[in-house]
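In the two assemblies presented below, chain A is common to both, partnered first by chain B and then by chain C.
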Partner chain A sequence: MAFTDQNKRRNTKELKEFVGYVFPAIVFITTFVSVPFLMCVYNSFRKWNGISKSTKFIGLKNYYKLFTNDPTFLHSLGFTFLYAVCVVVFINVLALFLAVLLESNIKGKGFFRAAFYIPNIISLVVIGFIWKFICIRVFDQLAVLTNDPFWQKSWLGDPRLAVVTTIFVSVWQGLGFYLIIYIAGLQSVPGDIIEAARIDGAGSVRRFFSITLPMIMASVSFCVFYSVANSMKMFELIFSLSGGGPGIATTPIALDIYNTAFNSNNFGYGSAKSVILFIIVSTISVIQVRFFKSREIEA
Partner chain B sequence: MTLSQERQMPSAIFVLMLCIVLLYLLPLGIMILNSVKAYDEIMKNVLALPEHFSFKNFSIVFQDMNYPLTFVNTFVVTLIGTAGIVVFGSMAGYKMARVKTRYSRLTFIYCITPMMVPFQSFMITLVVVAKLFHLTNSIPGLGVIYWGLGVPMALFLYQGFAKTIPFELEESAVMDGCSQPRLFIQIIFPLLKSVTASVIVVNAMWIWNDFLLPLLVIGGSKERKTLQLAAYSFMGQYKSEWQNIMAAAILIIIPALVIYLIFQKNIIKGLVAGAVKG
Partner chain C sequence: MAALLCTAAAGMLFAAGAKKTAKGQTALSIMLNSPELTDYYKQCFAQYEKETGVKITADILQNDYQTVLKTRINSGDIPDIFITSAYNDNKVYKDYSYNLDKEPFMKNVQPAILSSVMLDGHVTGYPFVVQSHSFIYNKTLFKKAGITKLPQTLAEYEDACKKLTAAGIQPFSTGFAEWWVLPQTTYPSMSDAYNGDYDKLFSDVESGKLKFGDLPQVDFALDLIDLIKKYGGTKPMESTFDIQVSDFANGKAAIIHQGSWAEASIRAISPNIDLGYLKAPRKDGKSVIAVESNLTFRVYKDSRNRTAALAFLNWLSTSAYGKSWIPSVIKQISPLKGAAAPDTQLAKETAQAQTDKITCPWWIFKGPDGIEQQFGTAFQNYAAGTASRQETKTALTRLFVDAYDAE
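After this line comes the complex of A and B, so read on.
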């Protein structure tokens, strides 16, 4: 009897201590993430302008409108997917390629790695201006100097080219981050396995695809996962580079949510769009984790 | 490929990489070049070297943007945000690594799930909640909101690292009569310092450069602008006066660049730690 009593007392003491340590984290996460998120889901079934106190339950009307009567949203959905696929492919292929080059025992590896990372420390808003300046002024100048039709094109003014520009600038900006992750991955591959393959007569391309790539699958899965999640919610760079234009040509979902809620004051409808964004991002995450988990090899 | 050919490869790759890096950073070079030019020089030829090298653009921008105030605002937000994330993240992460019960595991999952939720999917109602607590239009308020957004990732890193710290140290401290707060502050927290360095650097860079949350929470207020907000309103104000915009861009980049150059090693370590564990 006395024993269980003591046990109980120890348990409550442990629980009290646990709560003491964990409480602030839970409070802030709940206040600034969980509650807003649940409110968003709740409001997505209601009509609400964000100002008035009264909101009205309208069922699935917001969702119905999204897919039947909102060309802007459907366009932003299409653009976001196109943008994400292109950015993810280019950024990962280029970063991996450069990482392999850098890991081939050249001088000044640290310098190169640091240099490629520089665009990452600049805020996306500022990156947006710099490239806007380049697309408008510098390309103009190059057109005058070279008379090449390539520079004469309106890289931010033409709807199709503006999409290409946003993808290009995003790859340029993010590349250094993925490069660092891939370099770390390559460094963890034991040299003796590669050496053995070389002695067995495997060429450098074969060595890469048959040994190195499977060994760095953890890095690949992280980078693909991270780049997908990041490009699905891209906002700031596009906001300052193209403003989502011309027209709505480069408006991603996140910008469309922002415009709906804060420019058109349609909080309920914007919330419905937010929920869709959440569903898309989390579905992709789950699929990816499943896909890559089965392909990882421990070094 | 023969052995001697393979030995020559590195220097060829070195030259190739050097060219790639120069081309890669060329846009930043163009930015610097044009920040010291006058307006008509830019109109004449953006790629030419400046005829009259001057820092006039910088002094105009410095005053217009109210740089000292904006800088202090951004600094305070970053300081409050990062400090809270480190304190609450380390406390919770450490305890969750130590207590191995069902409720501990459940709270851990609850606390790290937000890492998967895109910020844009709850930003609308986050503004509503922030208004409710009078955190909008306030610099400290903005810093506090970052606690909720940054703690999940920090907590995750701390929990992963705290698992590797030997238990005996705390046991003997408790035997000697060390109280819980003292145990954490004097013994545990110093042991976590490698994670703390990463968490500080990664979060400070993020908060310093963040634009969307300040836009939503601070918005148009003049005295409470952060550097990124000031940058954006600048763009609209100056339109085609690119020399001022480029000078502003440099003034905004410099603080982040200084932090980066000082803590370069920690940043890279922090990124890799986050990636490998994540």
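After this line comes the complex of A and C, so read on.
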């Protein structure tokens, strides 16, 4: 009897602690995320320029227009998917490859880890401006110096090349973060399993795909999840790098939402677009988490 | 934990309260764009504080101005005075603008300029500076290329470009990377649309009688863009405002489409450059410079400092320093009656153009709200080669239909 009492007391204490720790987060998330989100959903059914004191209910008209009569939105949707697929694939493959490389016994490990991570601690807006400067000014000088047609190309001015440039800069910037996650994952793989496999005669490629990769599935699922969500929502890097241009060639959905709400003074319509973005991102995330969860192995 | 939260909340409340009282007692808050004028704004506010003891705190922003202003309006943190455009912004900000109809200092403003801030017979703002834009050219480089007669038609522009190229000078720095430069480049050249009856033009667009893309002036504007792109160097889509200014000031390019606001930045790099306006070509054979008072001060209607805000505008229109601030400090053209003429090349040429009556207004602002950026991207898509001429016309038509639909 006394035993259960003690248990109960411990449970209440744990509950109190739990509430104590979680409560502030709930308050802040409600205030700064949930409430604005609900306001956004509310506004998406209305016509509002973002300034006027009066707004008008127009039902599903904003949503209807989105899919039937807005080539800019459809283009930005297409660009976002292309951008996200490329960034997610390149960033994860490269980061995993480099992580394996940096975990093997090569010289200057520490230096390379730091070097790859540095772009990640610089603000995205600054990265955008730096690369804009490099593409416009530095490439121009390199073209004069070397006469190489590679530098003479308009890397931010040609609609196709600009897409390549935004993907490249995003991968370059984000790589370090994923690299660190993968390195941490690799370090948690128990050495004895690998040793056992080696004794059984498994080569390094076989060891990687049959042991290491399944063991770090948790890291993989986190990195893929995180990079998908991030690249679907990408805004500030592209905003400062290409401004979404030339024209709308590199305009992702998030930038299109910003332009609609703040430059075209169409807040209701912009809200509808962001609700759609929310639905897309959350659907992809749910599917993805389910998929990877089923493949994770408890170590 | 609860105690900690309470303290935090109390702290926030206290901070908010403290800010309000501080504002109420001493300072007038003002929100401004055009950061190239920052130093001049500061001089003006310092002088005002010296003369009247009223302190002015200013927030000066560039690209994000609209966003921040909107956010502040929606959060209730509204500045006592803020800048917007004229024309359609009269309607956009009408819930927040104090009507200046009965303010005696408004009588000092030239009546012709007041039309830009009128809405339903009311004066909704204070036009504070007259600006102009057209093609700016480097007189020395033109001489070097042997161009004696300034170009006025599209064909003459092409001739001049050929001569410049032959002399080893890049004719244009395009500014095409900037969404606002490209449409601005075309506005003067499209100003003969409907023979200048813009009210009729836009009422026809609104009623659906006219598809904007079908205007013959759109074709002319696209021809102009083709010409600038052809003679705009190897990377025309990478030219930003900064690059235009530095290319022009360093003598790398002979012509840019910019406005009176660019002269200070150009002279910061090259103080003695000899520059002037070329008149923009038009389909009807006339050529013009766009001149308008577009930047408008608005007084927040429900501001607790409204009287103080009005007193500041009164000082700006009647005091000795206030009257001379725009012509002799900013060195641009003042909208006040009988103001002195500024001593800069572009301002002088603007004044001359006004006398010669070869100007056009910033007519696009008489149209619906929120079209400027879409206008810009439609033209950018064309210049970058992602949209054909016909697709561009369709896009222009669509954006006007959408904009009227959203009003």
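A few points about this structure:
We adopt the following convention: the second predicted complex is superposed on the first by the 270 of 299 C-alpha atoms of A that agree within 3 Å, B and C clash if a C-alpha of one lies under 4 Å from a C-alpha of the other, contacts with A are read in each partner's own complex, and residues count from 1 in each chain.
Heads up, the rule we're going with is that contacts are C-beta pairs under 8 Å (C-beta built on N, C-alpha and C of every residue); 3 or more make two chains touch, one makes a residue touch a chain.
Everything numeric here is computed off the predicted structure, so don't read it as measured data.
By the touch criterion defined above, A:S282 reaches chain B but does not reach chain C. Once the two complexes are overlaid on the shared chain, A:P24 sits against chain B and chain C alike.
Look at A:K47: by the touch rule set out above, it reaches chain C but stays clear of chain B.
Residue by residue along chain A, chain B and chain C are tallied for touches, and B comes out ahead.
By the touch criterion stated above, A:T80 is placed in contact with neither chain B nor chain C.
By the document's definition of touching, of the two partners only chain C reaches A:A249; chain B does not. In the overlay built on the shared chain, the residue A:D158 is in contact with chain C alone; chain B does not reach it. Touch criterion not met for A:S227: it reaches neither chain B nor chain C. By the touch criterion stated above, A:I181 is placed in contact with chain B alone, chain C being left untouched. Touch criterion not met for A:T166: it reaches neither chain B nor chain C. Common to the chain B and chain C interfaces on chain A are residues 20, 24, 50, 140, 258, 262.
Across the complex, chain A meets chain B through its residues 14-15, 17-18, 20-22, 24-26, 28-37, 39-40, 43, 50, 98, 101-102, 104-108, 112-119, 121-126, 129-131, 133-134, 137-138, 140-142, 145, 172, 177, 180-181, 184, 204, 218-219, 222-223, 226, 229, 232-233, 235-236, 239-240, 253-254, 257-258, 261-262, 267, 270-271, 274-275, 277-278, 281-282, 285. Across the complex, chain A is touched by residues 1, 9-11, 13-14, 16-17, 20-21, 24-25, 27-28, 30-31, 34, 42, 45-47, 84, 87-89, 91-92, 94-96, 99, 103-104, 107, 110-111, 114, 116-126, 128-130, 133, 144-145, 147-149, 151-152, 155, 180, 184, 205, 208-212, 216, 227-228, 231-232, 235, 242, 245-246, 249, 252-253, 256-257, 259-260, 264, 267-268, 271-272, 275-276, 278 of chain B. Remark: chain A residues 20, 23-24, 27, 47, 49-53, 69, 71-72, 135-136, 140, 152, 154, 156-159, 243-249, 258-259, 262-266, 269 touch chain C in the complex.
For chain C in complex with chain A, the residues that touch the partner chain are 1, 5, 66-67, 70, 73-74, 92-96, 176-177, 179, 234-238, 240, 243, 369-374, 377-378, 380-387, 395, 398, 403, 406-407.
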